[in-house]
Amino acid sequence: MSEDQLYFFYDLFQYLINGICQGSIYALIALGYTMVYGIIKLINFAHGEFYMIGAFTGYFCIRGGIPLYFAFPIAMLVPGIIAVLIEKIAYKPIRHAGRIPALITALGVSFFFQYFGQNVLGADPKAFPEVYEETIYNLGEAVSISSTQIIIIVTTLVLMLFLRWLVMSTKVGKAMRATSFNKDASELMGIDTDKIISFTFFIGASMAGAAGVLVGIYYNTVEPMMGLIPGLKAFIAAVLGGIGIIPGAVLGGLVLGVVENLVVGFWESTYRDAVSFGILILILLVKPTGILGTKTKEKV
Amino acid sequence: MEYLAHLTLNCGIFIILAVSLNLINGMAGQFSLGHAGFWAIGAYTGAAFSVFSPLPIPDWMNLFIGCGIGGISASIAGILIGIPCLRLRGDYLAIATLGFSEIIRLLIVNMDVVGGPRGFTNIPKWANLGWVYLWVVITILFISNLMKGTHGRAIISIREDEIAAESIGINTFKYKLMAFVIGSGFAGVAGALFAYSQQFIHPNGFNFLWSVIILLMIILGGLGSITGAVIGAVILTLLPEVLRLMGETISQWRMVIYSLLLIMLMLWRPQGLFGKKELNLSALLGRKKS
Amino acid sequence: MSAPILHANNITMKFGGLVAVDQLNLKVFKNDLVGIIGPNGAGKTTVFNMITGIYTPSDGEIILEKRNINTERPYAISQLGISRTFQNIRLFKDLSVIDNIRLAGHQGLTYSAMSSIIRSKSFKTAEKKLTEEAIDLLKIFKLENKKDFLAKNLPYGEQRRLEIARALATGPQLLLLDEPAAGMNPNETNELSELIGWLRDYFKIAILLIEHDMGLVMNVCERIYVLDYGKLIAHGTPGEIQNNPKVIEAYLGTEVD
Amino acid sequence: MTFKTILSLLFLLPHIAFGAKADAKDIMLGAVFPMTGPIATYGQESVNGMKLALKRINLKGIRGKKVQLIVEDNKGEPVESANAVRKLISVDDVYAILGSVASSNTLAGAPIAQSAKVPMLTPASTNEEVTKMGKYLSRTCFTDAFQGEVMAKFAYNSLNKKHAAIIVDLSSDYSKGLARIFKKRFKAMGGTIIPQDFSYNQKDTDFRTLLRKVKRKKPDIIFLPGYYQEVGLILKQARQIGMVMPFIGGDGWHSDSLLKLAGKKGIKNNYYSSHFSPDDTDPAVQNFVKEYVAAYGSKPGAMAALGYDGLMVMADALKRATSLNREALQKAIASTQNFKGVTGMITLDKMRNARKGAVVLETTEQGNIFKEKISP
C-alpha cells in the first residue's frame, strides 16, 4: 500500500470517529423527537430548544460551582420539567384540533425560547467552563480519539439502552406503547394517557438536555439559537431511522453524523447541510417510514 | 411621506406573499414551509435581469418583464420541487419544503455572480407604490377568480377530503401541483417587486424565519380566507414598525411577542381571525345593524 | 349473456402476513344489481378499495371493459366510470351541498383555468349548465331546498343521500355503495331500497353494494356474493344464498340464533 | 370589532410617527446599529463609543447648536437596516447617518441614503462595495483588501512563514474578500499557498474533520479570516488535534469571548489585525481609554474606538461645512484630511475610503498584546 492509500484509511477512520461522535449527539436529540412523535404524532419543533435549555442549565450549574456529576442530572431534569409544563399549557388544549395547529404551536414555542433566550441571555455565544482536563488517545500513527468523544459515545449508548429497557420491559413502557398504538382504547383500559404523554415529554426533553451538556463540553460553546440546526438535523435523523422507533433514532443519528463528516472530509463543508436535507427528501420519497420502519396504510 | 409610503409598499408585497401561500396552505391544504425559498428565487432572478440585461425600454415595461421572469422562475422551481414533494402529507411535506427552501438559500449564498454572502447590490428602483398595488390586485383577482371555477373547487376538495376527491375523478396530484405552482409563481413576483423596491437583497433576508412569518400572516387571518390573508399580511408588516415607534424595549421583545401571539392564537382560535370565511363590507354593515 | 363490464379475476390483497382478500372472482354485468355480504372483517371494503384503485391488488387482475385497471389511480378509475360512496361518509364537509355536486360534475367541464380567471364566456355558460344539472340531481334526492347548506350541517340520512348523489354526478356506469343503510332507521332503509332499484333503472347503471342489513340485500339485489375471511364462500340469487348451508354456518346461522 | 381595531390602529400610526418630533434647534444625526440579534455586541460597543464622542462634542456644541443622535436598531438584518435608514430620513429628517457594522446591513441602507442624498458614514463596514454605492457613502475604517495585505506582510516578513493554508467562512463575504487579497499578496511576496479550498459556514461547531484535512497538508501558518464565534472553536479544536502552527486573521477575531471560547491552549501563538489597540501609547488613545473605562467600566474594543472616531469625523465635517445642509456636509466629509483619531490618522481618498494604518495583535492568555503597526 502506498503512503497515500494508507493515509486515506487513516483519514477515513478518523472521520468515522468524528462522525459517530457527532451522530451520537443527533441521536440523543432524535430520541426525544421520535418518542413524542410516536405517542401523539406531533413533530415537536421546539425539541431543539430543550437541548439548548439543557446546555444552559449545565452552563450555569458548572459556573456556579456545582460539580459535573450533579450538574448533569440537573440539566436533564430542568428541560424535562419545562417540557411537561409546555405540554400542559400549549399542546394539550389543542390536541384534538388536528396536526397542523399543533405543529404551528410547536413552531411558536420554539421561537419563544430562541428569542426569549436571546433577550435574556444575550445572543453572543458563551464559553462553556472547562470541567476536566481533556486527554487525547492516539490510536496508531494518525488517528486519535479524545476523552470527551468517548464519554459522548458511551453516554449515548447507555441512555439508549436505558430507554429501550424502559419502553420494552417496564409497566410504564407498556403503557407508553399502548397509548401510542391506540390512545382511546388505552384510556378504556384504565391507562392515564395524559400522565403517559407528560412522562414521554419529560423523558424526551431530558435526553435532549443531556445532549446539550455533552455538546457544551465538546464544542465549548452555548448560545440561545444553538437548538435550531441540531434540532432540524435530529429530526432528519429520526425520520431516517424510522420515526417512532427508538433504535431507529440512534441509527439515523449515527448515519447522518457519519455521512456529514465524510462530506466535509472528502468533499466540502458547504455541501454538508445540503446533503443532509437531500437525504431527508430522498428518504421521504423512497421510504417515508425510514430505514427500520414498516409499512402502514391509511384506513379508508 | 416616504417612510409611510414604503411601509404601504411592503404591505403590498407581503399581501402577495400571503395570498399566494394561502392558495397552497389554506385552499389546497398542503402545508408548505418553504415560501421564502420561492420568494428568494423571484427576487434573485428578477434582480439578475435588472442588473445584467435590462432592455432599452421604459422602466415600467422592464418591471413587468422582470416580475414575469421572477414569477416564471419560481413556478419552474415550484414544479421541480412540487413533483417529488407533493406526494408527501402534512408535516412531512412541511419539513421537505423547509429543506428545499434552505437548499435554495445555501445555493444563493454560494453564487458569487449574484453577490453570494455579500448580497446583491445596485438593483434599479423600478417598483413604486402604484405598480406594486397593481400586482396586488392582479394576484387577488387571479386567485379569487380561480377559486370560483371548477379548478378552484377541485383545489379546495383536496383540503376537504383527498380520498373523496379522488373518488369523484379529481386528479388530486394535478391540482395540488397547480396550486403549488401558481402560489410559488406569485411568491416569485413578490420577490422581483421586493428587489426593485429595496434595491438590495441578501440571502439571509429569505431564511426559514420568513417562511414562518408569512405562514403566521395567513394563520392570523384564517387559513383559506383571501381577505384574512390580506389583513394578516398588513397587520404583521406594520406591527414591527409600530413596535419600533413604541420605543426600544418593546421593539427588542418583538420576536418574543410574535411567538406568544402565535401560541395564544392557536389556543384561542386555531382557525384564525376569520376562519375560512371571506370578509366583505355588506356582511360587516349587516352585523352592525343587528 | 354479454361480457361483464367489471371482472375481478382471482384478486388477492395481502397486508404484511394478513390475507384480507383471497383469490376472489367477481363479475358485474350491465344494469346489474349485485350485493356483497359477509361478517365484519370479511374483506368487503377491501374489495371496493381495490376496484376503485385505493389499493393495488397483490395478485390477480381487475378488468373494466377489457381493460386492466390494477394500477390506475383512483381518479382515473372514477373517470373510467366507477363511482363509489364510503362506509363512514366522506363528504366535503365545509362546502355547500350544491358545491359537493358541482365538484363531481367536474369531468364534464372543458374550460381552462385561465378562462375562469378572466371569467370568459365559455366559463360562464359551462358553470350555468353545471349548476342547473346539479339542481336537477338534488331534486331527485329531495335536497334542492338545502342546496346552500354546508354539507356538515345536514342530518345523517341526508348526508348519506348527498353522498350517493355526488357519486352519481360523475356519470358512472357502475356505482359502488358501501353500507348505504348504515345508521338508518327502518323507514329510511325502506325508502333507500326503493331508491336503489329506481336509480339503477333511471340512470341505466350497474350497482354493486355492501350491506349488513339482510332485508335490504335480499330485497334489492339480484345476485349476492358472500365473503368470509377474505374467501368467497357462496354466490347466487338471494334464494340460493338463504338456503346455502355454508352461508348459514358462517354468517346467517349466527344471526338467526 | 376587529375591523374597528385595525382601522384605529391605522389612523394611530401616522400620529405616533409624527408625534415625537425632536427639538428643531438641535443638529439631528441618525445611527443604525445592531442593538439586538446575533451581532448585537458590535452595535452596542459602537454606540458606547459614539455616546462618549457625543458628550465631548456637546461640551462646546457645533455652530452654536447641540448634536442629537437617534439610534435605530437593525437587529443585524439587511431589511431592518433599510427600514431604519428610511425612517431616520423621512421621520426624523436627519442631516446624516452613521452606520452600520456588518457590510450587508450598510449595503442595504446605502441605496436609500444615496437616492435621498443623505450622507451615510460607516465607521466599521470594511467591504469594498460599500463606498461604490454612491458619493454620499463614506467610511472611516480601512477596507478588507488592506487587512488582507497587512496580514500577508505580517506572516511573510514578521513571522517568516512561507507555506500557508487558508480556511474561509463561506457564508461571509468579508472572509472571502480577505482570503482573496491575502492569497494574492502572499504569493506575490514569494510564499506558497496550499491550493485546496478549506471552508466552513457560520454556526458550525464541529471543525475536527476539516482541521484534520488541513493538518495533513502541513502548512506552517494558517490564515483564518473569520468571526470570533467560530474562530474560537477552531483554535481550540486545532490545538486539541495537535496543530501547533500559528493562526492569523482579521478584525473579526476581535472579542473578549475569543479567549474563553479558544481556551488557554487554543489562544496561544495567534495574531490578528485590528483597527485599534488600547495598549497604544499615544496620549490621545490613552485619554480615550481612560474616559471609556470611567464611563463603562471596561476597556474599549475596536468597535468602540471606530464608533468614537466615526462621530468625531462627522462632527469635524459639520464644523468645516460651508453651510448647514446635507450637500455641504457630504463635501466636508469627503475632504477629511489628516484627522487625528484614536484609530489613527484618517484621510479619505477619492473613493471616500479611509487610508490609515492597522495594528497587529497577538492573542495570549493575559489578553491581546500589541505587536506592530502596519501603515498603507
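When the chains are written out, they are named A, B, C and D in that same order, and each has its own residue count from 1.
Everything that follows uses one rule, which is that contacts are C-beta pairs under 8 Å (C-beta built on N, C-alpha and C of every residue); 3 or more make two chains touch, one makes a residue touch a chain.
Fair warning: this is a prediction, and the values are worked out from it, not measured in the lab.
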{"item": "Graph separation of chain B and chain D (steps between touching chains)", "value": "1"}
{"item": "Reference chain A; chain at largest CA-centroid distance", "value": "C"}
{"item": "Cα-centroid distance, chain C relative to chain D, in whole angstrom", "value": "72"}
{"item": "Rounded Å distance between chain A and chain D, as computed from the means of their C-alpha atoms", "value": "37"}
{"item": "For chain B paired with chain C, centre-to-centre distance based on mean C-alpha positions, whole Å", "value": "41"}
{"item": "Chain A and chain C, separation of their C-alpha mean positions in angstrom", "value": "48"}
{"item": "Residue list for chain C, restricted to those that touch at least two other chains", "value": "54, 86"}
{"item": "Interface hub residues of chain B, defined as touching at least two other chains", "value": "110, 163, 252"}
{"item": "Chain D residues counted as touching two or more neighbouring chains", "value": "36, 170"}
{"item": "For the chain C and chain B complex, residues of the former touching the latter", "value": "52-54, 73-76, 78-79, 83-84, 86, 90-95, 99, 102-104, 106-107, 109, 111, 113, 115-119, 123, 127, 130, 166-167, 169-170"}
{"item": "Chain B to chain D touching residues, read off their complex", "value": "1-4, 6, 109-110, 115-119, 121-123, 125, 198-202, 204-205, 231, 234-235, 238, 241-242, 244-246, 248, 251-252, 273, 279, 284"}
{"item": "Touch list for chain B against partner chain A, complex", "value": "31, 84-85, 87-88, 90-92, 94-96, 98-100, 102-103, 106-107, 110, 163, 212, 215, 219, 252-253, 255-256, 258-260, 262-263, 266-267, 270"}
{"item": "Chain D residues touching chain A - in the complex, by the definition given at the top", "value": "36-41, 170, 197, 199-201, 203-206, 208-210, 212-213, 216, 229, 232-233, 236, 240-242, 255, 257, 260-261, 263"}
{"item": "In the complex, chain A residues that touch chain D", "value": "7, 11, 14-15, 18-19, 22, 118-119, 122-127, 130, 134, 136, 144, 146, 215, 219-221, 225-226, 229, 261, 264-265, 268-270, 272-273"}
